[in-house]
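In this document, chain identifiers A, B, C, D, E, F, G, H, I and J correspond to the written order of the chains, with residue numbering beginning at 1 in each.
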Amino acid sequence: MMIRLIYASRAINLGPVDVKDILSSSRRNNHQLAVTGALSLSNGIFLQCLEGERSAVNAVYHHILKDKRHNKPEILSLEEITQRQFTGWNMGLIAATAENSALFLKYSSTSEFDPFTMSAPALKEFFAEVLSSARWLS
Amino acid sequence: MMIRLIYASRAINLGPVDVKDILSSSRRNNHQLAVTGALSLSNGIFLQCLEGERSAVNAVYHHILKDKRHNKPEILSLEEITQRQFTGWNMGLIAATAENSALFLKYSSTSEFDPFTMSAPALKEFFAEVLSSARWLS
Amino acid sequence: MMIRLIYASRAINLGPVDVKDILSSSRRNNHQLAVTGALSLSNGIFLQCLEGERSAVNAVYHHILKDKRHNKPEILSLEEITQRQFTGWNMGLIAATAENSALFLKYSSTSEFDPFTMSAPALKEFFAEVLSSARWLS
Amino acid sequence: MMIRLIYASRAINLGPVDVKDILSSSRRNNHQLAVTGALSLSNGIFLQCLEGERSAVNAVYHHILKDKRHNKPEILSLEEITQRQFTGWNMGLIAATAENSALFLKYSSTSEFDPFTMSAPALKEFFAEVLSSARWLS
Amino acid sequence: MMIRLIYASRAINLGPVDVKDILSSSRRNNHQLAVTGALSLSNGIFLQCLEGERSAVNAVYHHILKDKRHNKPEILSLEEITQRQFTGWNMGLIAATAENSALFLKYSSTSEFDPFTMSAPALKEFFAEVLSSARWLS
Amino acid sequence: MMIRLIYASRAINLGPVDVKDILSSSRRNNHQLAVTGALSLSNGIFLQCLEGERSAVNAVYHHILKDKRHNKPEILSLEEITQRQFTGWNMGLIAATAENSALFLKYSSTSEFDPFTMSAPALKEFFAEVLSSARWLS
Amino acid sequence: MMIRLIYASRAINLGPVDVKDILSSSRRNNHQLAVTGALSLSNGIFLQCLEGERSAVNAVYHHILKDKRHNKPEILSLEEITQRQFTGWNMGLIAATAENSALFLKYSSTSEFDPFTMSAPALKEFFAEVLSSARWLS
Amino acid sequence: MMIRLIYASRAINLGPVDVKDILSSSRRNNHQLAVTGALSLSNGIFLQCLEGERSAVNAVYHHILKDKRHNKPEILSLEEITQRQFTGWNMGLIAATAENSALFLKYSSTSEFDPFTMSAPALKEFFAEVLSSARWLS
Amino acid sequence: MMIRLIYASRAINLGPVDVKDILSSSRRNNHQLAVTGALSLSNGIFLQCLEGERSAVNAVYHHILKDKRHNKPEILSLEEITQRQFTGWNMGLIAATAENSALFLKYSSTSEFDPFTMSAPALKEFFAEVLSSARWLS
Amino acid sequence: MMIRLIYASRAINLGPVDVKDILSSSRRNNHQLAVTGALSLSNGIFLQCLEGERSAVNAVYHHILKDKRHNKPEILSLEEITQRQFTGWNMGLIAATAENSALFLKYSSTSEFDPFTMSAPALKEFFAEVLSSARWLS
């Protein structure tokens, strides 16, 4: 059983290299567990999508929960899937650039992007559009 | 929860710079509240579409109600949405030009455009077609 | 409430300029009432599609009934619509030319086009295909 | 092809025995043509439902149009059907009694029953409920 | 076109006879406009459902907005309907009794009933269940 | 936004009064947060369903994660809902009695009940049948 | 592959014992081929429903075609089925009694029952209602 | 009512010019009756599709049944349609060439094309693909 | 992942106690693997339905294949399920009595019950009806 | 009745020419039985799709079961189809190259491709994408 889990959390105590560091841990660890996904950090909020075997995604998620660099986690959506969306990335980073901000606004009811207010269907459409048209950092 | 609210009202006592003035207030205020939308003035009738967080759209709508430049407001349609249509405009103005009149006629049962006679599904299709093919004033 | 009404009738006592005359009256009158539509005369049978506000279409139809140039009227289809098909014509004339005869045959169970035998869904598909590919007289 | 046609018209010059007379003509004539249906007279408005072979229903309707006891006819709904609703009546009369008025209000947006404002789906639901729970005059 | 409009607002400065007074005005005025509906006052929040002709419901709603006994109105749902739910009441009052509180909790994500957090589908199901099983005050 | 979250975990170091203790804490705490749900302990596996506001359910779930009396948690299903199923219980306990074992087998592919192998749709049907026909401990 | 085939034909030269004779042959032969069905003779028209293996139903139908007691056969409907309707009869006879005539009228657009005018969906509903409520001859 | 009837039969005693002869008779006769269609002869089996007015298709089919050049007819599919597929041919001939054999195999469970084993949905898809991509003989 | 697998095979060399023996082995073994199901022997054909974890059902099926008391096995249907149908039986036996023969005929195109001719949907409906109304041997 | 059967098994004792040998036997034998399909060998697991007449696919499958070069077979999916997917191959071989590994990952919850964990819908989508974009060995 594969699932896609989307959660948001608030970044705290983020030092300059932390995002880079999170990405490199993620890629190393997620590869082991065959977990793929995408991460965005915008407006001080992490929004992450994790996809893979249900037990593996759960393991990764429960592991991330312990990280001191974020708090107030909230699972926003979880669904069973038959195929992955993010085959290219064990963890892709969606840039918080000006180019992506129209896309953020389109799905956000607030002027600052706030995924905590988004419903599961909205998040699904958001990640689908992200996949096809957002700018990614590599 | 994001919604799209569409209402019509009758223009009264409109001076020459009023529409320009409404647009600039709208853009300034709606930007604050992350409200987007479109406005048309045709046949002496305002037709406006407002989209954003449900409470913000309600705040804007109830504020507009007090404006002395229109009366007889009627909410024609209100629905929950997962994404905005008018991401480009905090308030776009649909020109009441000859070019747009065929489009108006297509959805209107009257020869003069009269949104008060239109149903919610017709308005939905109208704004979708407006978005893709109408002439806009900037 | 906009509707689309389709009826057929049998042409009688048609003089040489009658169709031309019907078209020009139709365009003048239907324009007033914001009624649009299409007319075909083939195999001695009128087939007409009228779209607009329900009361206006009814008024036009009940007015046409009194015309001595046809008889045996039969309403074949009537449905509520949200947009018009024939925005270009207050009354368009579908040519009964050889070019259109394959299209007529496709929807007709008889070799001579006979709309009296057609069901509402068949008529709907017929007019949709007429709109996109038939030859029109202007 | 069987259809169900629903129209409304305004009663004029109605003498005391006219409704009774209309009913007895209807039953005699409709029986010949295998047309069944229901009639209501409420708030000075006739609302009639006619069902049978498409050509027969058209013949009856076009015949009734000539009757001087009503005017301003408007066809409100017409659909193809596979079975009749009013098998019991060549023409049943729905009583305009107090008992039926709650039923009328349920489907009417006005306090006086006004079928001219009703959409085709509303009329369909109205006649279905009439059939199962209204009081009939015999 | 009939609609059903549901809004919530916060009660302010409510004196002892105000609810009784609101109900009697509502019944008198709504009857005139053929508007039906239901009202609840629970947890200091009014939740009202209004159904009738679109222009009449709008007129009543815009009239109520001016009432000083509530503020912060928010339209929560608006949909076109073919039949009314509350035919029995020009304005029914849903009791805020212990008996109804389980029903309130079932649809509310908060322990104190807070319709401002409810989505349109949840409100629709809530009023349907209210209709069939809530206690009413008369 | 209300959600229903279902997870399983493995019981460890369970002393004789632990389940009773978990239930009483749950009832006290969940009541505060307006969270409702059901819990089963069978075959050494906890299966819990939590429903309420999305942020409240997340808070409860993330709080429970820290409990030393279980480990290997896995979220099995999470969906947005418009109404609660378990309005009667802030936390109901499904008895692991012989009477319930046929019900467990019906939804389980293993002879010992193992929710870790169940899909989201199967869990949904399981809890619906539990609600209507399982034996509960009070 | 099981099918249900419905055809009509016109009775000719029917002697007094012919229907009885047809029924007894049918029962004997159809039993061999595992064909089940129903037959009606009304208004001089045979209407027969045959169900069974596609090749068997075809064999029976092509055999019946040669019978001199009817002519002008027309297949009205043929569909693949997963279960039979007429398990009780290798050939049941629907009585053309007064009791059944309301049922006939309900599905017939003519006053005399004429299956030649009926569509496949209407025939399907007719036989379903026949099965549950018509009078049968044995 | 237009239908599409598909049947198969086994060719017997076919002389060299018979197919050519069948085609020319078909075109002449079917044109009269406004019947259109397609014929294939492959693996000694005729597969024919006939479309037109229900009574006309029945007349053609019952006429063909008498032809000594085939036997063991079996109707495989019959459905009501709103438009014809084979407007170009009163009877088109699908070539049994090598080019068409992959298409035959795609829909056939046997290596030699055997329509007697095909279900109605498979035949429908087969003729749709034949229409767009098979080679035809003229 | 639970599945339901249905296959048929031909009984050979069946001695008097074989069915009894098969049943007792089945119950013993299937219980171990949490496989449930039903078996019928009619007209010399075994028809068996097996439900449980996909790997367990496969194991049982591949084990049964080796049994010398039947041959020519054919899997007729296999589908993923969320709940079992035959919770009461690790293997129930459907009696081949006169009472069940009408039920057999209803789903069978042949007079002797032959599941090899049945489609997956027909088998699904057959077992559902078997469950609710067939006679079982214990 | 055509079906598509998908199963997986574990390769054992595979010598260097075995896959080549399996392919040539498959092509020779499957051609006889009009069976088409595709085979992949990746991560020591065979995944094969077989399509054709239900009895032929069963015969091939039960024949393959006896092959000593694999064991632990598990049928993963079986469905009735109206057309084949793999018309080009009596048995195509999907290369286990680097190019195909992203495609494998997309549908697999594990980093090494493991079809035993895949559901029937996932397998269906996998083979559809394989057909259009995988690299094949010939």
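One rule holds for everything that comes next: contacts are C-beta pairs under 8 Å (C-beta built on N, C-alpha and C of every residue); 3 or more make two chains touch, one makes a residue touch a chain.
Chain identities (UniProt): A, B, C, D, E, F, G, H, I, J = BLUF domain-containing protein.
None of these values were measured; they are calculated from a predicted model.
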Partner chains that chain C and chain H have in common: none
Chain I against chain F, contact positions shared by both copies (same if over half, else different): different
Matching chain pair for C-H (criterion: over half of the contact pairs shared, by residue number), options I-J, A-B or B-E: A-B
Whole-Å gap separating chain C and chain I, where each centre is the average of the chain's CA atoms: 61
Mean-CA-position distance for chain H and chain D (Å): 48
Where chain E and chain F are represented by their mean Cα positions, the distance between them in whole Å: 35
Multi-partner residues of chain E (at least 2 other chains): 1, 54, 119
Touching pairs - complete list by chain label: A-B, A-F, A-J, B-C, B-E, C-D, C-H, D-E, D-G, E-F, F-I, G-H, G-I, H-J, I-J
Chain A residues touching chain J - in the complex, by the definition given at the top: 1-2, 31-34, 36, 52-54, 56, 82-84, 87-88
Touching residues (chain side chain A, partner chain F) in the complex: 1, 5, 54-55, 58, 61-62, 65, 73-80, 116, 119-120
Chain B-touching residues of chain A, taken from the complex the two chains share: 102, 105-111, 117, 119, 121-122, 125-126
